[in-house]
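Note that the chains take the letters A, B, C and D in the order they are written out, and that residue 1 is the start of every chain.
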Amino acid sequence: MTVRFGLLGAGRIGKVHAKAVMSNPQAKLVAVADAFEQAAKDLAGAYGCDIRTIDEIEKAGDIDAVIICTPTDTHADLIERFARAGKAIFCEKPIDLNVKRVEECLAVVDETKAALMVGFNRRFDPHFAAVRKAIDDGAIGTVEMVTITSRDPGAPPADYITRSGGIFRDMTIHDFDMARFLLGEDPVAVTAHASVLVDKKIGELGDYDSVSVILSTASGKQCVISNSRRATYGYDQRIEVHGSKGMVAAENQRPVSIEVANGNGYTRPPLHDFFMTRYTEAYANEIAAFIDAIATGAKAAPSGKDGLIALALADAALRSVKEGKTINL
Amino acid sequence: MTVRFGLLGAGRIGKVHAKAVMSNPQAKLVAVADAFEQAAKDLAGAYGCDIRTIDEIEKAGDIDAVIICTPTDTHADLIERFARAGKAIFCEKPIDLNVKRVEECLAVVDETKAALMVGFNRRFDPHFAAVRKAIDDGAIGTVEMVTITSRDPGAPPADYITRSGGIFRDMTIHDFDMARFLLGEDPVAVTAHASVLVDKKIGELGDYDSVSVILSTASGKQCVISNSRRATYGYDQRIEVHGSKGMVAAENQRPVSIEVANGNGYTRPPLHDFFMTRYTEAYANEIAAFIDAIATGAKAAPSGKDGLIALALADAALRSVKEGKTINL
Amino acid sequence: MTVRFGLLGAGRIGKVHAKAVMSNPQAKLVAVADAFEQAAKDLAGAYGCDIRTIDEIEKAGDIDAVIICTPTDTHADLIERFARAGKAIFCEKPIDLNVKRVEECLAVVDETKAALMVGFNRRFDPHFAAVRKAIDDGAIGTVEMVTITSRDPGAPPADYITRSGGIFRDMTIHDFDMARFLLGEDPVAVTAHASVLVDKKIGELGDYDSVSVILSTASGKQCVISNSRRATYGYDQRIEVHGSKGMVAAENQRPVSIEVANGNGYTRPPLHDFFMTRYTEAYANEIAAFIDAIATGAKAAPSGKDGLIALALADAALRSVKEGKTINL
Amino acid sequence: MTVRFGLLGAGRIGKVHAKAVMSNPQAKLVAVADAFEQAAKDLAGAYGCDIRTIDEIEKAGDIDAVIICTPTDTHADLIERFARAGKAIFCEKPIDLNVKRVEECLAVVDETKAALMVGFNRRFDPHFAAVRKAIDDGAIGTVEMVTITSRDPGAPPADYITRSGGIFRDMTIHDFDMARFLLGEDPVAVTAHASVLVDKKIGELGDYDSVSVILSTASGKQCVISNSRRATYGYDQRIEVHGSKGMVAAENQRPVSIEVANGNGYTRPPLHDFFMTRYTEAYANEIAAFIDAIATGAKAAPSGKDGLIALALADAALRSVKEGKTINL
């Protein structure tokens, strides 16, 4: 079976997914839609696919699945439309910034029995996936404490902050999903501290740039998340899981792994500059998993519900900061 | 000047300090006191010093300073006695498990102008001290987020737990001091999550064995502490400080640093088995710093107040767990 | 400009190069030839190109360049034919196992002014290339001593050994080229020790499986090469360059870089299993460099002469073992 | 039993050994002798021992063993004198720079049945000893290829070079002993390349500063040694042993093991600055082993014969360079 794709949104991440589809022998990119004509043209030219409108893709008989890479505020509407149109749907996170809206949207997905996968790409990173596999293989016994360090290389521009929903919904949300992926159990309590240390403008916009979060599960497992909007040494992405029989960790990845030694010491180059290069393999594996789910009829994961729970955790973290207390879910 | 010492308590840690005094060219071990006669005899035999009673040491004209390594519930009384006797005092942490009692004791120390140093040995570890020096040298700009991972190799016996004052006052207290040492600013808010994952008996005694803590300072700096009473791979002691211009970290130390590679991969031996071997240099440096302070008349640090603040943070962390909220100090 | 390719040989390495051509926007795979019909069909099916005979490719007006991945004993003949046919040529190493034959072949290449690149893929590994760049950037001053460790995961079968030309011409040849790449100066003296430690059959076939080599240049630079046909921990590929101002090294690469810690210590997974996965990026970069050279008219490197010199070093190393002396070139 | 020591030579290394004796509960430093009165006084003052002449120590009834740290050209004579005087002897390497003289000296040692240990301190480094233990425990199967990298931080002054016997007898000799320690079999063939890359003056004195050596044993095991008189990043001391079932390596040691990350990358401080700090534990363990051998009557190792063989390998390496051939022993 060849899965035939329509791509909604030809921006940066759209291109990443287009390439993943193209290089997958089980898939074909049929058409792309983008409000910016030039972006659609460029992508169509590079990958040899049609340019169509979203309406045309919705009605197309030669398209089985869509990848939604449009702006966040269009996600829920598009998911509903394409669920009703009977297409399999891959949607970049988040479904929406509002929990209620996400719940409505997922109700439509349930009703229509549409296949929906949400883009938590990090689950598909080979190193993080290997951490999870080590846990599943019993290498560390029962999971007890998870540590996630996640720092962006630099703060985003003000207009991004405004549309982002805030650091918890935009950035920590990936770590909330990773926490659930590694804990193997849902958090029932959240506490967060947050401050503005990187860029005053972020504070003026009502957001934070440095946060620490603790999650606990019903059985007492704990997860600590540390986020900053700036790391001078690159895109800092580490996980560590401590269990009853041992510990497993995935260190940072580097584009080049040489070491230069001199009188100043031993120096390795900085980390990847951001997610596009750090998670190249993760993006390819993610789309491959989606294609595989469609081809085999298996349930696509992470699901819409995974997206919803991560968002609810983000909301709880924000409440915890505002109210100065642990929020029980 | 040669500083002449009396040692109160000839147990495990007493021996460590005796050795540090002996190998320091500026110091001399004059006498040891211990309720267990054999312990005192063994130490006196090994290091060639007198055996005396605490009373005798208190009145001795040939002793300038004492090292208090007796049980915790005797610390405050002994500090008061020796402060009044005009001796310089090094006391193992904690001064007492009760904040009020510590405050009374420190009032006597102030009154008598006694020199008092509290045994937070980790500040004197060469690697942790180098982290602090890197911060002081401006290598990472302004400190923003501190991460402390501190895990014991195995849970202590029930009777130790009973006398310990609980994990926050016994174990995390070292990390609270390290947090202050690295943040360069006092925490004003504490949140903690705690659970029993390692040993049910610990829970039955009303204590916890796995805790996560967030501290925040007035300027918004954050510190995350992760503690467990058990780590199968050894005594896990790591610190990391993230700042505006960079990051500095001290990794775990190993007694032997070989690596064996075969079909199973690349394996390095486990970490040190506990604090006695991990912090050998720290203990020697700590006593050297105390001797130096006495010899030069400088103020000994960490001070009694440092001990008090760390204890207050431990109390706040426990309250945070019990009340499910952030405790403001 | 789009470079149009014919591929000679559809085996394991042929597929690697076909994929590299396909994914390069400046290139197109027009046709494949292989004596085994099924191999040609499979590759043509996967990449959508023609199946043609070598004769047809030689005469084709729609083909600019060929990639030679046929058995070693056909390389020199094919290079001569395609040089005369005016095609640009990429040939897997070695050109031939016989220095004389290589010289004759390169005379034809010179005469016809054909573009010829020889497949020393390791120069294009991003990590090794970064080592070279660090040298070029002056990071270590003048190069003095190069250390190359190169070990295969397991010994090849007997029939491969028979056709290989021996370990120096088959395996060490890559290290001879890497030595020249890093030394920046040609070796003038070679000494080698060789023995059979891995597999007696290799000795019965007159070959060795464990060799150590020293190279020296006219200015006194030295290079040490260590080879084994078996490493239980994977495909061991390391380089280190010591210079007047510092040292630069490229460590081994791993497919997955997690670490598991328990009572046995800290374990990272084994290395890549062999060159196909270890040098994936190197193969893609190599063909990209060839395409770039054709497109821009620049001289392709490594050249035929680079192939010849590496072969001459292999011959000298073998003579050194046989004669028990340093061979001056 | 307490072993009573006389120390011959109160220089830098004499002090190291004096401290090792002092801190060993089974030993006592009775007297020191040194041609420079002040050096003897300083050491005697610091460690509370007598100052005596060599003659007095030779005849002393209260001295069981001597440690010879005088200039190299006095070693053989002193060994003979103290062997005849019935003392146990620890002598810094080398016994003499001339193989014949060493053989004569060892004949006296044999005749008198004196206990003699030669100071190849590196065997007692805990990391290198752990490598050897891993081999003995079967962790890597049969030893096949040993790699030793040994680089001094900086070239010694001209007058040291003049008295040193040349790089092979002065510096590589430690690696020859380490090679034998790790190979578990004596080398039968030696090839060396040598050049002057660090300091022209060294060449003018007829010596080399950069050498590469290959050793082979009768069973075909190989060892590669790489030496330089200068490493900008500190005292570079690494060993690696490749065997039939795996590999074991000991990496460099650092006085402080922090890592600082910023826009330039991740930097660890340089290595130890030289042998005094790098091999602190090795020196203490070495004297402890000597004391242990005397106390238990066991044979002291490394023996005089170990010293002789290492020297013979150094001579062979030099001949190999001069004659351009492999020297068979």
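Assume contacts are C-beta pairs under 8 Å (C-beta built on N, C-alpha and C of every residue); 3 or more make two chains touch, one makes a residue touch a chain.
By chain, UniProt protein names: A, B, C, D = Inositol 2-dehydrogenase.
These numbers were taken from a predicted model, which means no experiment stands behind them.
**Q** Comparing centres built from CA atoms, which chain ends up most distant from chain A (Inositol 2-dehydrogenase)?
**A** Between chain A (Inositol 2-dehydrogenase) and every other chain, the largest centroid distance is to D.
**Q** A-C versus A-D: which interface comes out with more C-beta contact pairs?
**A** Spelling it out, more C-beta pairs touch across A-C than across the other pair.
**Q** Find the geometric centre of each of chain A (Inositol 2-dehydrogenase) and chain C (Inositol 2-dehydrogenase) from their Cα atoms only, then give the gap between the two centres in Å, rounded to an integer.
**A** 39
**Q** Calculate how many whole Å lie between the centre of chain A (Inositol 2-dehydrogenase) and the centre of chain D (Inositol 2-dehydrogenase), each centre taken as the average of the chain's C-alpha atoms.
**A** So the centroids are 57 Å from each other.
**Q** Using the touch definition from the top, which residues of chain B (Inositol 2-dehydrogenase) touch two or more other chains?
**A** Correct list: 232-233, 245-247, 261-263, 269.
**Q** If you look only at chain C (Inositol 2-dehydrogenase), which of its residues touch chain A (Inositol 2-dehydrogenase) in the complex?
**A** Residues of chain C (Inositol 2-dehydrogenase) touching chain A (Inositol 2-dehydrogenase): 23, 25, 46, 126-127, 130-131, 134, 139-140, 245-251, 253, 255-263, 269.
**Q** Which residues, counting only chain A (Inositol 2-dehydrogenase), touch chain B (Inositol 2-dehydrogenase) once they are in their complex?
**A** Residues 142, 144-145, 147, 149, 151, 189, 191-193, 195-198, 210-212, 214, 216, 220-224, 226, 228, 230-233, 236, 242, 244-247, 324-326, 328 of chain A (Inositol 2-dehydrogenase) touch chain B (Inositol 2-dehydrogenase) in their complex.
**Q** Taking the touch rule as given, give the residues of chain C (Inositol 2-dehydrogenase) at its contact with chain B (Inositol 2-dehydrogenase) in the complex, in rising order.
**A** Chain C (Inositol 2-dehydrogenase) residues touching chain B (Inositol 2-dehydrogenase): 232-233, 261-270.
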